[in-house]
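First chain written, first letter: the chains are A, B, C and D, and each begins at residue 1.
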Amino acid sequence: MAIPRIGVFICHCGTNIGGVVNVPEVVEYAKGLPYVVHAEANLYTCSEEGISSIKNNIKEHNLNRVVVASCTPRTHQPLFRNACADAGLNPYLFEFVNIREHCSWIHMQNRREATEKAKELVKMGVAKARWLEAQEEFESEVYPAAMVIGGGVAGMSAALNLANQGFEVHLVEKEPELGGRLLNLNRLFPINKAPDELVESIVKAVESHSKIKLHMPAVVKAASGYIGNFDVSIDEDGQETSFKVGVIIVATGAQVLKPELYRYGKLANVLTHLDLEQRLKDGELGEFQNVVMINCVGARIPERPYCSRLCCMTAIKNAALMKEINPEAKVYVLHRDLMTYGVEFEEYYRKAKEAGVRFIRYTPSKPPKVVGTKKVKSVKVYDELMDMEVELPCDLLVLATPLIPNDDNEELSRMLKVPIGDGGFFLEAHVKLRPVEFATDGIYVAGTCRWPADIRESVAQGYAAASEAAIPLRQGLVKVEAITATVDPRICKGCGTCVLVCPFDAIELKESKIRGLEGKIVAEVNAALCKGCGLCAAACPNRAIQQRGFTDVQLLSMVNALSGKR
Amino acid sequence: MKLPDTKEVQTEFKPKILAFCCNWCAYAGADLAGVSRFQMPTNVRVIRVMCSGRVPPELVIRALANGLDGVMILGCHPGECHYSEGNYLTRRRAHVLKRLLSYIGIEPDRFQLRWVSAAEGAKFSAVVKEAADKITALGPNRWGDKR
Amino acid sequence: MAKKSVLVIGGGIAGIQSALDLANMGFQVYLVEKTPSIGGRMSQLDKTFPTNDCSMCILAPKMIEAGRHPNIKLLTYSEVEEVAGDPGKFRVKIRKKARSVDEEKCTGCGVCMQKCPYKTDSEFQVGLAKRKAAYITFPQAVPNVATIDPDICIYIKSEGKKCGACIKFCDAGAIDFSQQDRIIEVEVGSIILATGFDLYDPSGLEEYGYGKIKNVITAMQFERMISASGPSGGQLQRPSDGKAPKNLAFIQCVGSRDTRHKLYCSSVCCMHATKEAILASEHYPDLKAFIFYTDMRAVGKRFQEYIARAEQEYKVTYIRSRPSEITENPDNGNPIVWYEETTARNRTSMEVDMVVLCQAMVPSGEQKKLSEMLNLKLNAYQFVDIPDRLFHPVDTEIPGVFACGFCQAPQDIPDSVVQASAAAARAAEFMSKEK
Amino acid sequence: MKATSEEVKTSVKKLFEDGSIGHFIGYEMGSDSLRVTPCFLKSGQAASRLVWNPLCANNLSKYLLDFGKVEGKVGIMVKGCDSRSVVELLKEHQIDRDKVFIVGVPCSGIVDREKLLAVLGVSPGEVVAVEDDGDAFLVTIKEGTRRVKKEQVLRGECLVCRYPTPVIYDMLIGEAVSSLPWVGDDYSSVKELEALSSEEKERYWSSELSRCIRCYACRNICPVCTCVECIFDKKAPRWLSKASDVSENLVYHLVRAFHVAGRCVDCGECERACPMHIPLRSLNKKVEKDILELFGYTAGIDVEQQPPLTTYQAGDLDEFL
């Protein structure tokens, strides 16, 4: 290893760091650390100015290690690694020190100690950097096919998009029919059309597409592998089928809550909107004169705090339809906040009001009460505006209940190793900027399995997931971050501990082919399967297996630096 | 066995605590604590590892023998490990290690395993505060540089 | 064979997302942004709801990636002039405005900004601060190069007779007043519109006194004020006397859901007011924030919990009422909010130190020009019309032309990012068919 | 029937003759009549050197590692504890089951040489022979034969031995012994230490560990310490400084205890080898006890059983306070 020449770049982040940590003092301190040949402060190291300073200094000072002390590697590591690469330095010779999230932002009242802590963090980073080694990323080919799980609108949109881009798509739907939730609807908001024809045209396009292989009714039984190379096996109508795909899109949808409120299921004239739509579709609704609809049934309550996003529009849609069917009918919508966001929903709401639908706002502390023993006769509600309880005659009570996660989310989550978050919906990689990606590469999420969404949002997410999935498919090659495990076969005693702890079956005991070690049984890592967790490295008794980027010597150096040892 | 009480009373003792955080949950939780500006004691220094399961007992033992006053391993909640089962293995090791450390006289609070999710910025800061308080109460680690 | 190419108009988060997706898929992307830097509205935000992630922190890596991507040609300070040709083969003329700065030579050091003697209101700081005639919009600008504003530069106005300080002090020799606007012609298979939004001027709502009552500001101004990179370094300073307010009132639906102004709901104001109230309470633990709202529209992931946190942890008070008027206490400059209590039905008032108006958001001004150029239909509110909103949510009526983000409907960042990726997918699909 | 030296000799000789083994690792008498040493045989003729008596303390299993490349099978003599370390070696693929022939001998306890000499008040040269006699040893010294109760003179691990009969063997000489009458609470000494305060424990272990001269005898003799390059011998990273101060000794012994966690079979070799009389088994017993309590696992019983620290149950104890 060449003698380390470490450059340290310390970011003010405007005042985010500089306002708390005495950055110039940290710079001076860094200059005195072993192997540091250059240290400087930047207003924003992530700005083009900061980046070019890194590049220039790599050249000027012949740096062979770079340490940036700024924010979090979780967002900025790729940027600085790329800067190193641009300047001809292997990107793995870069080390990140977090002095913002882990220092300045959490010690705003204690500048002295924050500065001391920042120094120590930099010292630890430099200690690790001294032992960094250049790494080559493992490259693997992407199998040019996708699996889309779920044949609702989100899944079908994703499948069609990828198929039209020329990729083979396996569409796996658990029901015997495509269309998902839409099939149960009577009309769609805000266009007020029946879904049948609209869905049919999409279903036809999917079914007739030469690139789409439809598996129906089918469920995913097992999935293993990694981006570019997933082995999937499904149960298709009782038969096991296996295939290979490069990417996976999860678009499994959600279900509608059947509430245990307002005597639903006990009184015949209490329906959910889904029940109502089914009856309308089947022409089985019958006569009605006084319709009351209650929103937020089972939603926005402590045990289910979220807003299901689309129930308000569903209620408005059906309320207006009730008026349309029977203009003489009295139709009330009892709501909390009315979530008619955007342009069209607001208009939709206005039109329903104009059509004579009455909207009454109730407060959760005084919820509506159902009157009647065999059937609902009336609904009592405290009207906030009138400041009094009103009793509304009712021969049809319709409840707007939220979308809730599918029961099989957890199983799928375990199988694909993707997380479930708030309320049991799938958790995306970043709620703001990576809404349709999972943290696991090569697996994407769209539609209501991620969060309640209406049709256009689900379709957009389907397309968006297809867009992210098309990237590796089109690139044809993915690179794996070089933090995978490596074995020193000279030291490995072939005990197999690493094999036992590896969650990904990435390690095997094999006869060595290395000269001088022929025939010795040693552990061998399949870089394509290794996900870089480092479990093996911690378990190996003689440390013959190491995780790149997190080696023993690197971690130990940090510990020693922190405790003032060399 | 009767031994004299050797506990020193020190004023202004600020323990130094090392926290290994897994990249996916605890480190992200620590980031969130930062983004949320949850203020907390300055004692803790974080080392990022990809999984709590990467932290070998050797490193914890070494850190304590070096004189660090406390070592924490923070990982994903059971069942939420990014690598499925890393934290379960960590949990087994930690149980054994904690008891072993206690056996030779290193107070149990000096080595802690805690679960912090990516969404638990507040929990991260609570964990840091709690550790700092407890370890401050214990006083300096007497095993550091012991001759 | 030349790469298939796409034109993305608008360098905000939506445009950046579309551009990055397509570039990563292997398409050549022309990303056109009318201001000197990409970043858009998101770059002006301090934090983002509901995680309180620092907006610039999550945006900057994407901006830089877009700036350095080999498949993205960044055309900032540029505007589309003409679109001709047919779907699959659009011929586009782009005016790259004279920056008077050589982008290759400029290092973004900012010396010209320091030395330039002429000032105007900073767009980035929403008029809360001045910028120079020579300026870099904000520190993380991509590209990080200076621009000289011809409207106020005395050198340009005097045709080189006066000033020239920037030329004198620029070590890099990057100042180039001989630059002329350039017309760049490109041929693209597909076009993505991501032109974002402008802020509705609340001075039209005379009852709220914006522009007359000093301590009535807009939400975007507040955003800059509370931001560490803002003119006051994150300190709240009310305009009349620079004092930190002890209480704040946020007024929702200013110009939105209003028959006299915009009928639609701007979709994000409930949440950004909540965020701003939280941020203010974080900076000033004793501060009291009141939010006057119509419906609290918190429909996204973790939004309800965010509101609950604002109420419980930060003691933000939500008042369901649309204030009828704001007057000013002449003694101390305090705005007085007049409103009707929902239940008591009394007209009552509240005197606060500062009022923040959550103004409506409207399609950006360039939308109209672009629609004429493209012969594209806009709806009644000037948003891009999407004929089949449900099943083709990013397709305009012209094949090969897609629209995403705020230019087609009010929406928050994640929804814009989703639509941006969706538009990229549709463009890729469209160009795959056009083999 | 107890196994005798004679039976061992004939059996091993036969094994050589019928070609079952090409090598044998057993015991022979050593420098004095209170010592046996390992002996390595290549043919049946030499089998007459073999002995089996209550002095056969050595765990021979580690020698198998040296016979990896020889022709034919290697025979080895194992007591209950030794057989368990053989299980561990098999589990970790350090030896090939097809290449070893395990001759098991049920064991009713091994004499602790130092304890015996102290009890009798004699020097080593004065003892002529030691024989097993149920709950006592018959010790022949010049003056005659004395019967010494086993509890007084057994090695520490034998006092808590739960596996007197080998758990794996190809041939068992003598009758299986199911349990030993004196074995009660396996962990009473561990519990005593556990009950101390942190300060008391610290004083105790500081004093014990301060004696360590880091000769590494405990590691070198340990049958499950099989690493090609011990982490303490590595230059980069250097886990341990050369100084043998208490902190460094602490690292050494704790890490060692952890490395054998779930693998240690309590054969007691480490403590027997320690020239400074550090109660090393105490650390190992502590870990053994915890692993049994926490995960219900005992090392060295079943080759197919997965080591406790390489697996988990979702319902494992989740309490850390």
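The rule we apply is simple: a contact is a pair of C-beta atoms (placed from the backbone, for glycine too) under 8 Å apart; a residue touches a chain by one contact, two chains touch by 3 or more.
No experiment lies behind these values; they were computed from the predicted model shown.
Asker: More contacting C-beta pairs: B-D or A-D?
Answerer: Most contacts of the two pairs: B-D.
Asker: Whole-Å distance, subunit A centre to subunit D centre, using C-alpha means?
Answerer: 53
Asker: Please report how many Å separate the Cα centroid of subunit B from that of subunit D, as a whole number.
Answerer: Going by mean C-alpha positions, subunit B sits 35 Å from subunit D.
Asker: Quick one: subunit B and subunit C, Cα centre-to-centre, how many Å?
Answerer: Centres of subunit B and subunit C (C-alpha means) sit 43 Å apart.
Asker: Distance from the CA centroid of subunit C to that of subunit D, rounded to the nearest Å?
Answerer: Between these chains, centre-to-centre, one finds 75 Å.
Asker: For subunit A, what residues touch not just one other chain but two or more?
Answerer: 501, 539, 552, 556
Asker: Would you give the residues of subunit B that are in contact with at least 2 other chains, written as numbers and ranges?
Answerer: Expected reply: 35, 37, 62, 66-67, 85, 89, 93, 144.
Asker: Do you know which subunit C residues sit against two or more other chains?
Answerer: 51, 53-54
Asker: In graph terms, with chains as vertices and touches as edges, which category applies: line, ring, star, complete, or other?
Answerer: Per interface graph, the chains form some other shape.
Asker: On the basis of the stated criterion, which chains touch which? Give every pair.
Answerer: Taking the chains two at a time, the touching pairs are A-B, A-C, A-D, B-C, B-D.
Asker: Would you pull the subunit C residues touching subunit B in the complex into a rising list?
Answerer: Residue positions touching the partner: 47, 51-54, 282.
Asker: Touching subunit D in the complex: which residues of subunit A?
Answerer: Contact set of subunit A toward subunit D: 490-497, 500-501, 509, 521, 539, 541-544, 552-553, 556-557.
Asker: Quick one: which bits of subunit C touch subunit A in the complex? Just the residue numbers, please.
Answerer: Where subunit C meets subunit A, its residues are 13, 17, 21, 24-26, 48, 50-51, 53-54, 57-62, 64-65, 67-68, 107-109, 139-144, 228-229, 233-234, 257, 263-265, 267, 295-305, 308, 342-345, 379, 381, 383, 389-394, 409-411, 413-415, 417-426, 428-429, 432-433.
Asker: What does subunit B use to touch subunit D in their complex?
Answerer: Touching subunit D from subunit B are residues 1, 3, 5-7, 57-58, 61-62, 65-67, 78-79, 85, 88-89, 91-108, 112-114, 142-147.
Asker: Across the complex, what residues on subunit D touch subunit A?
Answerer: Touching subunit A: residues 92-94, 226-231, 234, 236-237, 239, 259, 306-307, 309-311 of subunit D.
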